[in-house]
Each structure stands twice: as C-alpha cells, then as structure tokens.
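Shared between the two complexes below is chain A, which has chain B as its partner in the first and chain C in the second.
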Partner chain A sequence: MSLVQNFPFFSIILAMFSGILSSVLDGKKARNVSLAAIVMTTVMSAAVLHFCVRTGQSYTYMMGHFPAPWGNEIRAGVLEGQTAVLFGVVMFLAVVGGMDHTAMDVEESKQNLFYIMIDLMLSSLLALIYTNDLFTAYVFVEINTIAGCGLIMIRQIGRSLSSAIRYMIMSQLGSGLFLIGLSLLYDVTGHLLMSPAKEAVAAIEAAGLYEVPMLVIMAVVSVGLAIKSGLYPFHYWIPDTYGYATPTASAVLSGLVSKGYIFLLIKIFYRVLGRENVIASQIVNVLFVFGLAGMLMGSVHAILERDTRRMIAYSSVAQIGYIYMGIGLGTQAGMVAALFHMFTHSATKALLFISAVGLYEVSGDRKDFRSLQGSGYRNPLAGIGFAVGSLSMVGFPMLSGFISKLLFATSALQSPHKMLPTVIALAISTILNAVYFLRLVITLYTIPEAENAAGKGNDKRQRVFVAAKGQGEASAFPASSRKLRLAIVSFILLNLVLGLCSQPIVNQIGNGLTMFE
Partner chain B sequence: MKEILLAVPVLLPIAGGAGMLAMHLGTGGKNDDRRLMLLTAGLVAVNSLVIFWLLRFGTGAGLVLFRLFGNLTVRFELDPMGRVFAGLIAFLWPFATLYSFEYMKHEERKPTFFAYYVMTYGVTSGIALAGNLVTMYLCYEMLTLVTFPLVLFPMTKEAKRASRRYLYYSIGGAAFAFIGLVFVLSFSRTGNTDFIPGGVLNLEAGRAQRNLLLLVYVLAFFGFGVKAALFPLHGWLPKATVAPTPVTALLHAVAVVKSGAFAILRFTYFSYGTEFLRGSWAQEIVMAATLATIVFGSTMAVREIHWKRRLAYSTVSNLSYILFGAAMMSPLGLAAALSHLAVHAFMKICSFFCAGAVMHQTGKTQVYELDGLGKEMPVTFACLTVASLSLMGIPLFGGFISKWNLVQAAFACGSRSDGMMSESAIALPAAAGAGVWLPYVGVAVILYSALMTGIYMLTVLVRAYFPKVAVGDTGGEEGGNCRSQEGRTKFRDPGWMMLTPLLIFAAVILVLGLHSAPLMRLLAEIGGEAG
Partner chain C sequence: MNTPLFVNMEETVSIILFGIGFTMLMLHRNLIKKILGMNIMDTAVYLFLAVKGYIRGRMVPIVADGIQDVSAYINPVPSGLVLTGIVVSVSTTALMLALTIRLYERYGSLDLDEILMRAKEEERA
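Presenting the complex of A and B:
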C-alpha cells in the first residue's frame, strides 16, 4: 500500500483536528489554520485522484485492521477524488473571498467558532465523499448539519437565527428519515458497510424477498437526502438560509453542502441499493418529476423575488432540480450529467454569491436588486463575475452551464418516455433563468436614470442612488477587494475550465461511476 | 496556413472591441474622437479586406478552432452560402460605420457604442463562416450578448425595457434552437453537426422517429425564428427601434435578423435536409407561419405612424419572405430566399439610413411630420424613393428580382415541378397532398404585401414631396402651419459621411435590378446543391 492511499483518511482527520485546534486559537489564527487545512486536504485529494486515474481503479481502505463485516472502511476512486478536489477548491475560494466580510459580520469573540465550523464542514464533506460505511455516513451527515447551522447562526441577526432554526428542523427531518432507512436496511441485510450490504441486497432481490421493506428503504433514504439537499417541495429552508448567512457561508452551503448529500445519495444508489433495483422501484421517476417541478418552480420563485441573494438562493432550488432530473433519468448518461451539473453548480453558485458581495459593497448593502443599478461600473470585476455566473446558469456556450445542459439533453434522448418533457423543461427553464439572471445583469449595467438625465433631477431614485453611493464609499474596504478579486477571478477561470475542457472531466466521471459498481 | 485566416474575421473584431472596452477611451476631446474613429475604421476596414481576400482567393479546408465537447467543435468554413452572407456584411459594415460616425457625433459614451458595434461585426462574420451547427449556435448566442448593449445604449426607460425584451426573446429562441441542435447531433449520420448540403440526418433512424423529429424541427424553426421576427415572436423588433439608427439599420434590418433567417436556412437545408422535411406537416406549419407573418407585418406597418417602427414592421414582413423561401424546401426556394436576403439588406438599410438622416437633421420621428422635407433634403429622399420602389417590387429595381424569384419558386413548389420530382417523388408518396395549395396562397400573400408596401412606403414619399401646407388649416396640420409662420431655417441633407452610404446603397439596388444575372446564377448553384 502506497502512502497516497492513506490520504483520504488523513484529510478527514486533518480537517477535524484543525477544528479542535482552532477552539483554543483566536480568530485570525483559526482562519489561517482553516485555510491551511483546506489547502492540504485539497492537495491530498488531488494526489488521490491522480493515483486513481493512473492505476485506473478504486480501492478500499480498511481502518484499524479490522476486516470487512466489522471494521470501518474508506473508499477512494476517481469520482471521489474529483469531487473532493472540486469541493476543496470551491471552499478555499469561498473562504478567501468572503474573509473580510466574515471578519465584519461575525462578532470578534466568535471568529474562531466560525472557522471551527468551516473545518468541521470540510471534514464532514470529505467523510461523506470517502466513506464506505453507511453509519459513518450518517454520523457525518449530522456533523454536517450542525456545522451548517453554526455557519448560518453565527451572524446573529434575527433573520439568520430563525432561518437556522428552520434549517435545523428540516435537516433533522431529513436525517431522521435517512436514519430510519439505514436501520431498516441494517435489519434486512445485516450490514452497514456498503460492499457487503450490496451483496446482501442483491441476494434479497434475487430471492424476491422483502419487497415492501426494500421499497420503503429506497423511498425513505431518497426523500431524506432530498430534503437535506433542498429538492423542490422541501425547499422552504433554502432562501432564508442562503439569503441571510455571511457570504462565505452562503457560498459554502449552496455550493457544497447540498451537493455532499446528493453525492451520498448517488453513492448509495450505486454501491448499496443497486442502480437496477432503484430504477425498477420507480423511485427514479418520482425524483424525475420532482426535479422537473423544481427546475420550473425554483425559477418562478426567483423571478418573483426582489432580494438579490434570495433570488440566487431560489435559483439553487432550480439547479438542484436539474440534478435530480438527471438522476431521475435513470441512465448512466443521466447520472454523469447530474454529477457534472453538481460540479458546475458548485463553481457557479459560489461565484455568484461571492461576486454579489462585491456588488453590494459598492451599492450600500441593500436588499432590493434595483439598488445594484450601475454597480457593474463601480466594481467592474464583480460585475463581470456576476455576468459570467449568470450566463453559465443560462447555459451560454463556452461556460460550464452549457456543457451540463448539453449532457442533460443528450442523455435525455436515450430514454424515450422522458425525452420530450426533459428537453422542453430545459428550454423553458433556460428562459426563466434568463428572465431573472439577465434582468439582474442588465440592472448592473444600466446607468440610473438620475445620472443619465440630470435634468430630471430630483426623483426618488437619484436620492437612493446617491445615498447608496455614499454608503458604498464608506463601507469600501480596500484591503478586502484584493482577496475578493482573487476569488472572483479564480471562480471565473474555474467556470471556463469546466466549460472548455470538460471532456476529460466527463470521461473521468463516467469512469468513476463504473468503478462504483 | 490559409485556414488560420478564416478565424481572423471573427476573432479580430471581437478582440478589438473588447480591447476598446478595456482601454477606457476618453470621449469629448477632439483627439479622443479622432483616435476612436481611426481605431474603429481601421478594425472594420481590415476585417472587410480580410473577408474579401478570403472570398477572392478561397480558403481551403475548414478550420477547427477548438473543441467544446466531444464532437462539438468550433469550426469555421467558407462555403458558397456563407460566401453570400459574408460578402454582404463585409460590404455593408464599412459604410454603416461611416454613417454612424456622423450620426453618433454628439452622443455620449461613444467608445462603448463603437466597441460593441465592432464586436457585432465579428460575431456576425462568425455566423456567416460557421462550419457547423454548434459554431452557429455559439455565435447566435453571442450575437444576442453583443447587440443588447447597443439597444440599451440610450439608457432611457424605454430602451431598458426594449433591451430586456430583446434579451428574453433571443435567449428563449436560442433555448428552443438548442433542442434542435441536440437532436441533430444525436441523429446525425456523421456523428457531428457539420453543415452538408442536403442535411446530415440519418434518414433511417430519422424515419422511425419521424414525428418527433418534425416536432423538434418546428420548435427549432420558431427558436431561430425569434431573431428573424417570426409572427408571434416578433415583439422585440419594433420595440428595439429605440436604439440609435445605425444600430436599427445595420443590426435590426440586416445583421441580427438576417442571422436568424440565415440560421433557419442553414438548419433547414444543411442540417435537417429538405428530403426529410419536404411535404411533411412541419413544412405546412412553418410555411403557414411565415405567410401569417408577411400579412401581419405589412398590415401593421401601414397602421404604424412612427417612421422607424413602420420600417421595423416592414422588416418583419420582408424577413418572412426569406423564411417563406426557406419553407418551400426546394432548390428554387433556397435561391429565392438568398436573393431576397441579399437584396432586402440593401433596401432596408437604405430606408433606415434615410429615416436616420431625417432624424439626425431635423429630429422628426413621425411620418406625419415629414411634410415638405423632400425638397429640403433632396438626396436623402431620392435614395428613399429608390429603396421604396424597390421594396414594392417595381421592375428595374432589385426588389423586383427577388420577389419574382420567390413567386416563381412558389409556383414551382406548388406544382412540384422542380427538385421534388427528380429525386424523391418515390420517397414521398404520402406527401402528395401537402404543400400543394399553400405556395399558391403564398403568391397571393406576396401580392397583398406588395400592395401594403406601396401604401406604407409611398405615403412617406407623398408627404415629403407634396406637403399639405397649402391647406394647412385642418387640425392635424398645426405643426406645418406654425413652421411656415416662423419662417424656420431650412433643413439640409446630412454631411458626406451619411450621404455616401445612402448613395452607394441606392446605386447597388439599381445595379441589382438591372444586372442581377451573375448573382442569381451563383444563388441558383447553391440552391441546386443544397435543395
């Protein structure tokens, strides 16, 4: 066994210990520890990815020399490596980009707490990605929830407290269902490790036993994780959560946390329940329908929304809908599309949240999107970042969103009954996306009437604008903008990479999925 | 090596325009203006020269710029049909730029305007040179992006609303065109979306899913049709006339809308292939839609009293002439469509430029304000007369030729005396009933539209040449009365920068009317190959 193979385990532990270490440090040091941990885990994940690509196979890693049915296992393959690397990069950039806002929004004495939460989040995400054990997955799901709650709550304004409670309740409902599913599964199969559980499931299915319990397990696990990732009818916690947290937290929660659960769901589908069984049980069709509904309704809500960040949050609902639609197609290609969209959405949504911050900075931090008028000129880079993110979400060619859309559409053609609904829903959803995203982009680049026609002068808009300008100048922090700029530029590059060099990534996703089975 | 040149007309203006945006050129000072003009003129001129060079000396094989994904390559190629469009825009753009120099003289934020103006040139060349459907789709989306700042340019409330509407319509259209792209990709017999005369569909696989593919065709037709202002989706075009006139003229009469029409021609003749579509219900639907648009557009133009909007409605109807040609799905239809595409470009840009010249010199925008201007701005209105007569389809003018081609193609299509018989009469026994009477309706529609064109164009001319000032005591003529009492200063023709393009375009219309044979021969060849 080479050293690289230990890395998944190391990175989980490293992230967790840096959280523990941070509890005795002050804010700044905690932040540096966090950043170091993120960088190191990302590098390690990259090494794992490289190892798996080079050897062309995945491996399981036994913890503490206890063999299969008793011990705990970690599994690493191409897909795991890819996801971990991407999550690491996005997390790093989100933390860097939102750093100064975190310093501003969070009370001095609680700064280190914020970074502890980030560390725990990282560690739980990595564990969700790497684990080969269902119960470990459950434990880290809970850790993830708690860390998420902490990240939301730490801003300590009224709305963020209530939204944290809402998040807590919905998440607990989801974890509860997930736990029920796991207990049933344990009851039926007698295993909690994924690989033996899968064999047991296969045997059960072959014997035609436990039809109803198996169906219940699939339903309960899917619905539990769907609630946690915010699939359409269970999305009520999303807008408040993403809308009122600090920028870093919003970017991390929307970009990564929901994706961690989706990744887990896909992993369970493939590695425990068996893809064929899931398809046969019609659960995928349910997910498909909810996904389609989410794609459309999320966008409709976003159109009705006036607050920029809540708008972006509702767009997440739509994007999660896309992902579930891809899973719901039930084909390998659909799954690849869903996973790729997961990547796309992580990169893009974080970009949007972070550049929105840049725009708010120069517009006086008001909620209404109309206050952002002209901010694209005041903070050009953030404007470009937001425009790129928006265009990617609309599916503009050369950006990552286009590739996802293409993958969804081409994979839909393989399933005759779902083909037309999918492509039509894609088209309609593109239009809806365009309506709210590009409305915002236009707002960024319009010169307020007051400035344009100075003669008209004294209307309300102008006063608002002038006030906004004044505040913007007051709250402008020159030191911050460099980090923010770095984050925005890197996110834009990440988007372009995903859009232009997607072929190897998609190939590897396909490889990773075959390794899953 | 030669192939590399293919990317130049696309990338040079885009890069140049982006550079102009990034440079933060100043405005106001005389030097600033001169530098801006030189830069713009240089970029446009060099680009046109490159295109002409390519047209003259050929290009060899296509150029694959990069690979988007899998078989989706961004590929440029100059095939005969692309030549027509590329040549057209390479000819029009320098003159339109010249015109806009004078027109925009007193505007603020000129650098932004010209930067996007130049970028649009590159993107439009991209559509002309696109060697496959993906590249065209890419450029089609980019076209929306680079042109909407131009609509937004006046920054008035109206402009904001118009640009938003334009954006939604275009992106929406592209979303449906995207469905077409995906289906073509999946059902292609070559595995990619390259344009091949006669289409790339795998006919055997296609036949099994015939109705589905036809439905997708209709969706994509309407999707691309958004830019070509097809009837229920035309709403953005009249609104977009709030943009400065050079934009309305060049983009909303030529580049943008023609890109839509061109895309439909490509999609119909080079991706789906006419063999698959001819005689199907899809053909009937799209043809009916184009005919409805012609009727609607020309009727609305008569109703409209805002001059530029009237011309925009005229564009709506005229674009559907092209689409009607496309919907015939025969060699003659393609040739006729292309000929109208070329001729209409000159006619409409000429009329718009006249309207712009009047707006620029006098500030008048409504048709009823034009009384007597014909004598004060003789050159402008002479050019307008030529364009109007040509639009009506009077013999000796270019418009007659293309309309003649269209009607001829329609008769042929109705009696199925051309390509249909020769190649696929056997393949389409069931299609005998389809598309037989619609082309004849089309002929009637074209006649009706010619009549309406006469009304809406000639009323302008009558106003201008034969003012009612003498009997100006009726309520509607108050303006005229006042003016004559004030003894106002006379309006004059605009400067040479605006007049030269007008004169040249008018001359081209006449030349096309009198000596169209070489162009028509070329178009007929294209038609014969692809239809």
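Presenting the complex of A and C:
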C-alpha cells in the first residue's frame, strides 16, 4: 500500500485535530491553523485524485483492526477526489475572502470558535465524501449540522439566531428520517458497510422479498437528505440562513454543506440501494418533479425579493432544484450533469456571496438591492466578479453554468418521457434567472439619478468616486482588502476553468460514477 | 391477533413514537416541546434498534463465565449504534437548548412564530 492511500484518513483527522487545537488558540492563530489545514487537506485530496486517475481504480482503506463486513472503511475514487479538491479550494477562498468581515462580525473572544466550526465543517465534509460506512455517514451528518448551526449563530444578531434555530429544526427532521432509514436498512440487510449492504440488497431484490420496506427505506433516506440540502418544498430556512450569516458562512453553507448531502445521497443510490432499484421504485420521479418545481419557484421568489443576499439565497433554491432534476432523470448522463452542476454551483455561489461583500463595502450595509447602484464603478473588481457569477448562473457561454445547462439539456434527450418537461423548465428557469441576475448587474452599473443630476464634471465615473468618498463614513471599510480581491480573482478563474476545460472534468465524473458501481 | 403489526409489537410502537416525535418537532410552536419531540423521535429509533438486536433467550454480549460461543449472545452492533446515537442526540439537544435560552433572553418568548415576528420587527426598527 502506498503512502497516498492513507491520505483520505489523514485529511479527516488533520481537519478534526486542528479544530481541537484551535480551542486553546486566539483568533488569529486559529485562523492560520484553519487555513493551513484547508490547504494541506486539499493538497492531499489532489494527491488521492492523481493516484486514482493514474491507477484507474478506486480503493478501500480499512479503519482499525477489523476486516470488511464488520469494521469501518474509507473509500476513495476519482469522484471522491475531485469533490474533495473542489470543496477544499472553495472553502479556502471563502475563508480568505470573508476574513475581514469575520473579524468584524464576530466578537473578539469568539473568533477562534468560528474557525473551530470551519475546521469541523471541513472534516465532516471530507468524511461524508470518503466514508464507506452508513452509520459513520450519519454521525458526520450530525457533526456537519452542528458546525453549520455554529457558523450561523456566531453572528449574534436576532435574525441569525432565529434562523439558526429554524435551521436546526429542519436539519433534525432530516437527520431523524435519515437515521430511521438507516436502521431499517440495517435490519433488512444486516450490514452497515456500503459494499456488503449492496450485495445484500441485490440478493433481496432478486428474491423479491421486503418490497415495502425497501420502498420505505429509499423514500425516507431520499426525503431526509433532500430536507437537509434544501430541496424546494423544504427550502424555507434557506433565505434567512444564508442572508444573515457572515459572508464566509453564507458561502460555505450554500456552496458546500448542501452539496455534501447531495453527494452522500448519490453515493447511497449507487453504492447501497443500487441505481436500477431506485429507478424502478419511482423515487427518482418524485425528486424530478420537486426539482422542476424548485427551479421555477426558487427563481420566482428571487425575483420578488429586494434584499441582495436573500436574492442570491433564493437562487440557491433554484440551483438545488437543477441538481435534483438531474438526479431525477435517472440516467447516467443526468447524474453526470447533476454532479457537474454541483461543482458549478459551489464555485459560482461562493463567488457571488464573496463579491457581494465587496459591493456592500462601498455602498453602506443596506438591505435593498437599489442601494448598490453604481457600486460596480466604485469597486470594479467586485463588480466584475458579481457579473461573472451572475452570467455563469444564467448560462453564458465560456462560464461553467453554460456547460451544466448544456449537459442537462443533452442528458434530457436520452430519457424520452422526461425530455419535454426538462427542456421547457430549463428554458423558463433560464429566463427567470436572467430577469433577476441581470437586473442586479444592471443596477451595479447604473449611476444613481440624484448624483447624476447633482454632479458638475464631465466624467461620470469621477463623480461617482467623489460621491462615494463623500459618503465614505457609511461604510466601515475604506476599500476592499487584498484578500478579498485575491479570492474574487481566484473564483473567477475557477469558473473559467470549469467552463473552458469542462471535458476532462466531465469525463472523470463519468469515470468516477462507473467506479461507484 | 396474529397480524404482523401485533406480532412485531415493539417495532410498531417504536414507529408510532417516531411519528409522534417527528410531528411534534415539525408542527409544535413551543420550542421546548419541539425539543421534547426531537428526543422522542430519536429515542424511538433507539428502541427500534434495541428491539431488532435482541434475540430471545440470549445474554448481554459481555463474555463473563468463559462462554465463547457466539450463539449465547445477542447481536452487539445495534447496542453500539444506540450508544453512538445517544451521544449525538445529547449534543444536538444541548445545542438546541442553548439556542432556546439565547432566544428566550432576547425575546422573552418560547413561541417560534412570535420570535420570528419580533426578529423581523427588530430588524426593521
């Protein structure tokens, strides 16, 4: 066994221990420990990815001294590696970009607690990605929920506390369903490790036994994880949660946490329940319908919303709908599209939340999106970042959103019954996306009328700059820091990479899914 | 009297309890009762697991009198799962209670609807 094969385990443990270490450090040191942990785990995940691509196969890693059907296992393959690398990069940039705001929003004495939560979040996400054991997955789902709740409530304002309790309640409903689903599955199969459980499920299906319990298990596990990832009818905690947390927390929660649960659901479909059984049970059709509903209703809510951050949050509802629609298509191509959109959404939504920070800095921290008028001139880089993110979500060519829409449309062609609804919903949802995202982008580049009339110089931009300086007291930040700029530029590059070099990534996703089976 | 629901009485009871807890957590407006509901829900799952792991006429899986034979003991895995689950539910309960205290200190109410309404008003003010 080569050293690289130990890396998944090392990265989970490293992230967890850096959290424990941070509890005795002060805020700054905890932040640096956390950043170092993220970088190291990402590098290790990249090594795992490289190893799996090179050898062309996945491997399992025995935890402790008990072999397969009894002990605990970690499994790493191409898809796991890819997801872990992308999550690591997005998390690093989100932490770096929101660093100054974290320092401002969180009390001095509680700074290290925020980074403990970040470390725990990282470790639980990695564990959800790599684990091969269902009960371990449950435990890390709960750790993820607690860390997520900590990230929301650390900003001690009324709205974030009340949204934290709502988040906990919805998450507990989801975890409860997931737990009873696992218990039933353990009853029926007698296994908690994914690979032996899959064999047992196959034997049960072949014998035609336990039809109703298997259906209940599939339904309960899917609904549980769908509640936790915020699929449409269970979405009402999303806007408050993402809208009132600190920017880093919003980016991490919308970009990564919900994706971790979706990844787990796909893993369970492929590695435990068996894709054919899930399709035969019609569960995918239910997910498909709710996905379509989410795509449309999320966008409609976003159009009605006036607060920029809540608008971006409602757009998350729509994008989660896209992902579930891809899963609901039930084909391999649909699943690839869903996974690619998962990557796209992680990168783009984090970009939007982080560049919105840059725009708020120069406009005073007001809720209404009209207060952002002209901010694209006052903070050019954040304006560009926001425009790129918006265009990517709308599906502009060259950016990653375009590729995922293309993948959804082409995969829909392969399933004749679902082709028409998918394509129609894609078209309508794209138009709705364009309505609110372009409205935001146009607002960013509109000179406020009052200033337009009052100004005397010829250069409009000059005037806006002067006006911005005049109202400089409204914002606590003189200019966006170098860290924020670095994060925005890197996120834009990440989007371009996903958009322009999509083919190898898509091939590897397909490859990874084949390894799942 | 031989219907499956009656034969598997313990499982039936635990699923009914799960349903009661789930509904309480979802629909009740009082935060403390929501937390009680969450605990009922989790405990119902533990009851289910414990019942499923028990085999009539066998002993607790602790080797005491030198009996090494596997068939003398019940299945130890569900008990392990229950222990892990209890740890998890204790920590989530603690977190939710802490949040409830914070909200009660701030808004003087345990009613979730009222808390959400006051939080919105507070923001507008």
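Convention: the second predicted complex is superposed on the first by the 491 of 517 C-alpha atoms of A that agree within 3 Å, B and C clash if a C-alpha of one lies under 4 Å from a C-alpha of the other, contacts with A are read in each partner's own complex, and residues count from 1 in each chain.
In this section, contacts are C-beta pairs under 8 Å (C-beta built on N, C-alpha and C of every residue); 3 or more make two chains touch, one makes a residue touch a chain.
Note that the coordinates shown come from a computational prediction; the quantities given were computed from them, not determined experimentally.
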Touching partner for A:Leu296 - first (chain B), second (chain C), both, neither: neither
Touching partner for A:Leu21 - first (chain B), second (chain C), both, neither: neither
Residue contacts with chain A in the superposition, chain B compared against chain C: B
Partner chain(s) touched by A:Met40 [first = chain B, second = chain C, both, neither]: neither
Touched partner set for A:Ala200, first chain B, second chain C, both or neither: neither
Contacts of A:Ser502 with chain B and chain C, given as first, second, both or neither: first
A:Thr145 touches, of chain B and chain C: first, second, both or neither? second
Shared contact residues on chain A - chain B and chain C: none
Of chain A, residues touching chain B in the complex: 391, 394-398, 402-403, 405-406, 409-410, 413, 419-420, 423-424, 426-428, 430-431, 434-435, 438-439, 442, 445-447, 449, 452-453, 500, 502-503, 506
List of chain C residues in touch with chain A within their complex: 15, 18, 21-22, 25-26, 31, 34, 38, 41-42, 44-45, 48-49, 52, 77-78, 81, 84-85, 88, 91-92, 95-96, 99-100, 102-103, 106-107, 112, 115-116, 118-120, 122-123
Residues of chain B defined as touching chain A within the complex: 66-70, 72, 134, 137-138, 141, 145, 148-149, 152, 155-157, 160, 163-164, 167-168, 171-172, 174-176, 178-179, 182-183, 185-186, 212, 219
Of chain A, residues touching chain C in the complex: 135, 138-139, 142, 145-146, 149, 153, 158-159, 161-162, 164-166, 168-169, 172-173, 175-177, 179-180, 183, 186-187, 192
